[in-house]
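Common to both upcoming complexes is chain A, partnered first by chain B, then by chain C.
Take a look at the complex of A and B:
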């Protein structure tokens, strides 16, 4: 009897659980507004949040999907509020569906917002479980909503496209980092309190916010990655050029792949390009007169991918060494110019503060009080070594005249 | 015999009635109970000058030639005389000197007379004797040995059990020619009087299991056994479980393999499906063919079967859970693709899945029951109307159709049909859980299922052996099928532990032999 009663109680509880369905977090896919990109602008003290919402039916045109095809793949709208979340909430006044941020790929922050402080943005993303902190953060000069409105070639969802551009750039050129929200938070919370963010901007004359632009092979405007924004203590302090940013990447040991173009040793004014396949940087700190000096040992390995030099006999080791030397010089100059820009901005985007904290803990207590002053006194010494491991399929520069002679 | 007494009351009194010494009384009794239809054959004879005799048989269940031979042997005057001269007594002369057909037993009561005739025996009555002789003239039309229709293999024996228990046992005996193969018969069912055989290997099967099988079979009290399915439900342990607790097979080779691993087989007359007990969960994922083809592909297929089992059980529920609760689990392009398909669908995912799953179950049931000639109509209706039209009409998303189709196909991969059926049932429970609680619900459901599985036992053997409890030696034939030369020991769970199948040096013998012969040649 007891067994039967327990079973019936358990059954009753289980069944009543299934009746609760309506109260649970069940959301059908067609009740969701899948946000692919978000942007944040400021208007006075208010926040303007823009959403790029995917319209699924126009993206995938399989059978049986009514109204598929022609329309714009995304729709952008903005809401305003005293806080970011309030602005988000105001979307219910105009959106027929619940905003869904789990698949938000990028967040674009306007320069104004960045200069006024990123803390509220970080707070929103780290507090709420529905907004993922793996979102890519980018900065744009001017109004950020414009970026979301821009259509993209090939990739139908612009938000997704921006993220792809960012990823591919970070993998292949390594000048601008791909920074996710949690990385930004970690960088800003570290001893150096500085971070770099990639810039996205509209190149071209007119906005491509209509599908009709895709009837042409060239677009009047495009989304493009530009400089790197330097963030210090949650506020943006300035820009780094792409070359400087690449130098900083070498300093930070954040190079995946890159490309170095050097002038020919023969003085012809032509250039050669070396694709850097792997690079590692060793930061070796030392104390000089009580100040920090960092020796940056960069070890890079690359492939010669193009050489326009008149005569180049790659069988000879000294020719190879010449090219290597030139590449080393080029990289060192990148590093130095990046370093100068950083010192000018007083932003320790390399993370020397952490290095100092780890290696000179006693001195760090003093430096910590005024790290900016100490940062300005830091000296660096780049020691770059490039190894050309592969010269491709030819040991000569290709020259049709020579080829013809060779035939005779 | 006590059991039969519990049956019809009228039978009880009749059973005690002895045969009359008047032959006419006995014939009248037989006609009263069995009727006077055209199949009741009564051949009256005059033997030993003027003493009346009769041969009673039922046409259709007896073999005509045997009955004729029986009658013929009785009508031989020479036998009559010499028999009478030697034995003195006509009845003894009949029994020992005259009848040319074997399988003779003596009958005492009227009830026995009926039973003997219904079993296909011919009854010989002699006037003046209150006894009768039953002669085995069994026969009649039965299906012959054919290729099994349910568990087909590409490579391996193609013969399957038929309905006749004698045929089935002969198939088994030709596979195992060992005196250790013991077959014990019993009759179950007061009305159907079905012959049931218990087969086991002496010395390999655990005596306790054999005794337990006998005990449980003896405990069955029912009026009819028309298929081994009746027996299965009567003798397995837990009365309520979606999982099969006995294995059934149409293949004599599967039964033989089971016997050699220590299982006990139950063969039921009239059913081509024999039962094997005890059984474990993992047995249902083994196909006979696993052992006939090379072990690498057998292992691969076994993994595929386990994956399919879980797919057929969980795929629709995972689809429901992920699309309605955990959209963040999907990669963005996939999410958008599914979202696009679901755009016009008016139902929630759980309703959509239920509709499609039920539709499939209806289609499948229709396909099984329908006359084969109109089978193609079903496939057209199923494929066109439900597959394509439902999607085009925007009622069902294309992804759902894919999920349902995959689930359906996956459920056919499991070699044991009854295990596939349990996955089908559990699927619906899982779908409701997924629709209510998401992946949390599925995990809770799986937990309950695992607890249930761990608690199951088949004839005392834990259902999840050899995983839980872990029996290391048996692992060679669970998720992988080890090569034959590596499976030296019998699985210890059914039979007596540690009995070997083959000498350990089996594999070595081959390699060392070839090595030795090479050396010898060099030496010479």
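Take a look at the complex of A and C:
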């Protein structure tokens, strides 16, 4: 009896085990084409999707961009289809491996695609579990495939490098936001229905798509971040300059770190640079004649990182205050410039619609019917306060002539 | 020797009876109706659930310590007890079937895309049947471990998401009219009513008061888990995009990145959630087998063949009852929710009324009943 029972249990467990292997959904590494970046272009009504696929054997050996061997660390190819997923599927006609998107770091969208509408892109990324919604989204003027073909200095996998550039810029300059796919969807689905995306472009003469370019110390072209694309209701409506984008970042309270360069108070024509270590913006709305007015109280704290002024005693409070005032003026100028550009584009990338909804519920019911008209009537009042908490390791602008003469 | 469970084990079983599937799809549904005020809806439903748990606790205190159906038979007679058993058996079969389908859908859509859903459903049911086969004591221990694991990971995930929270997403407060809350409350209140499962665990508690306490605390914790999930997804995603996501609670965790070396940490919570889904299916099957044994007068322990047959039947029903997932989603937010309300609120309130109307027999009094 015991033997029979034990045999039944063992048989049962063994049979159950056959179902736990996941053999239908198994994934073998050597069957996957690991995609590090994707780009999307339009050709008429068709979609062209390009993939930057990592070649594991090349990146796993040696050092340097070429991995010690002669091959490229990535390969780029494109497929075409009536939908993005159809284009993806067409990759099976040319790729010996199945595309795998879990390590896809960035998606580069051409300006034409962005201007025609991003809903299909959002749809694909939010529907399918293999496409991660944490991918960084960037826009490029012209064809996006060329961005994927570009090799990078230092970073072996270009897709990874583009993401790193985007992250480092957002952390240190804050002018261009790092926008993930789910954040883009959230911004466009919000009351303001607008978002900013960073631009990536090729600077230089010709594309560095050949490894031979790495035999030189200077590359003929490189990938750089440029302006900010303004998206409204899933369509791109224009560009913001980097200065305007920084102003918008101040308005949105999206500054991590930044740098402000101001003219010297001594009228020498030289400049000083202040590294903004922290900044916070308080949006204070009020109603003026039934229209929204927003006071933007920016409080920033920074460190003087360079002063080319002729003679400044940085231990004097009035000198520091002069520099602070100049920085405040510069930040306010960025804010006003960014605001004017947004009003011109009728895109509420600051998120004032959400502020209006939260603060003036009754008025919001009317405003939301034609938010564009109300947005055009909004007035802003920047009130910037900069505290220069640190002047670095020197109390004066370094001038060797004065030091030699013993003057202060 | 009669098997026993402690109050905490009973509490764990009851939380696992409600929470695992409730945190999966319900938050998105509530947010779609009452937007940023969804947390208020959950609080209202918790009040309704606690009142119901109190009533169920009162029924527990009236028990004579015998299994529910035998107790009802002794009070209402065989015919009435049989009718109640058939109704409840149908109910627990349908709920078990839909829970298996819900679980299967998630695993199929998110993890095992190419594995046939029948295979997934079969594994889920077989594991759960195996848990039932081990008896209520083993289930009690298993449920406790699963709940502990789940709570720790849920707390951890809540904290890891802290930097992603935007508390202004909850503004403006009180924007939704009361009628929206009323319609939204029905579904979570219906799911919280699954607390009535405690009546089938009554004979395994030492004292009836333990069951009543477990029911109240389990309703409180289950409601709190739904509340935390709702708060989490609103704080992360706002209210607009949540409508477009099938599983916003897991999608929220999917965006967490710790430095440059760790991402998709939702897999940890997913592990705990999958364990709790096995636990949930096991408790519904446990009750289903109890009712089946009563209806057919089976006194012995269920044979392996019967268990396998029931497993196959439930797996097949869960897969083939709804040809499309859209049919299933429509079913859980319409028919099933209504069925939960009718079966749990109406039927058990009738039973409670009946128990108070029909006089106790002298041999019904159990030592713990009056405590």
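Everything that follows uses one rule, which is that the second predicted complex is superposed on the first by the 378 of 408 C-alpha atoms of A that agree within 3 Å, B and C clash if a C-alpha of one lies under 4 Å from a C-alpha of the other, contacts with A are read in each partner's own complex, and residues count from 1 in each chain.
By definition in this document, contacts are C-beta pairs under 8 Å (C-beta built on N, C-alpha and C of every residue); 3 or more make two chains touch, one makes a residue touch a chain.
What you are looking at is a predicted structure, and each value in this text was computed from that prediction instead of being measured.
**Q** Given the touch rule stated above, what does A:105 touch, chain B (first), chain C (second), both, or neither?
**A** Once the two structures are laid over each other on A, A:105 reaches chain B alone.
**Q** Please tell me which partner, chain B or chain C, touches more residues of chain A.
**A** B
**Q** Can A:56 be said to touch chain B (first), chain C (second), both, or neither?
**A** first
**Q** Given the touch rule stated above, what does A:25 touch, chain B (first), chain C (second), both, or neither?
**A** Both chain B and chain C are touched by A:25.
**Q** I'd like to know which partner A:133 touches here: chain B for first, chain C for second, both or neither.
**A** After superposing on A, A:133 lies in contact with chain C but is clear of chain B.
**Q** I'd like to know which partner A:157 touches here: chain B for first, chain C for second, both or neither.
**A** First partner only.
**Q** Answer with first, second, both or neither: which of chain B and chain C does A:303 touch in the superposed model?
**A** A:303 sits against neither chain B nor chain C.
**Q** Where does A:358 make contact in the superposed view: on chain B (first), on chain C (second), on both, or on neither?
**A** In the superposition, A:358 touches chain C alone.
**Q** Quick check on the output: what are the common chain A residues between the chain B footprint and the chain C footprint?
**A** Residues 20, 24-25, 132 of chain A touch both chain B and chain C.
**Q** Please name which positions on chain A make contact with chain C in the complex.
**A** It comes out as residues 8, 12, 16, 19-20, 22, 24-25, 126, 129, 132-134, 180, 182, 185-186, 189-190, 354, 357-359, 361.
**Q** Quick one: which bits of chain A touch chain B in the complex? Just the residue numbers, please.
**A** My answer: residues 17-18, 20-21, 24-30, 32, 34, 36, 54, 56-57, 59-68, 100, 102-103, 105, 132, 157, 160.
**Q** In the complex formed with chain A, which residues of chain B make contact?
**A** Answer in residue numbers: 323-325, 327-328, 332-333, 335-345, 348-349, 388, 391-394, 397-398, 432-433, 435-438.
**Q** Quick one: which bits of chain C touch chain A in the complex? Just the residue numbers, please.
**A** Contacts found on chain C: 109-116, 119, 122-123, 126-127, 168, 171-172, 175, 237-238, 240-241, 244-245, 251, 254-255, 257, 263-264, 304.
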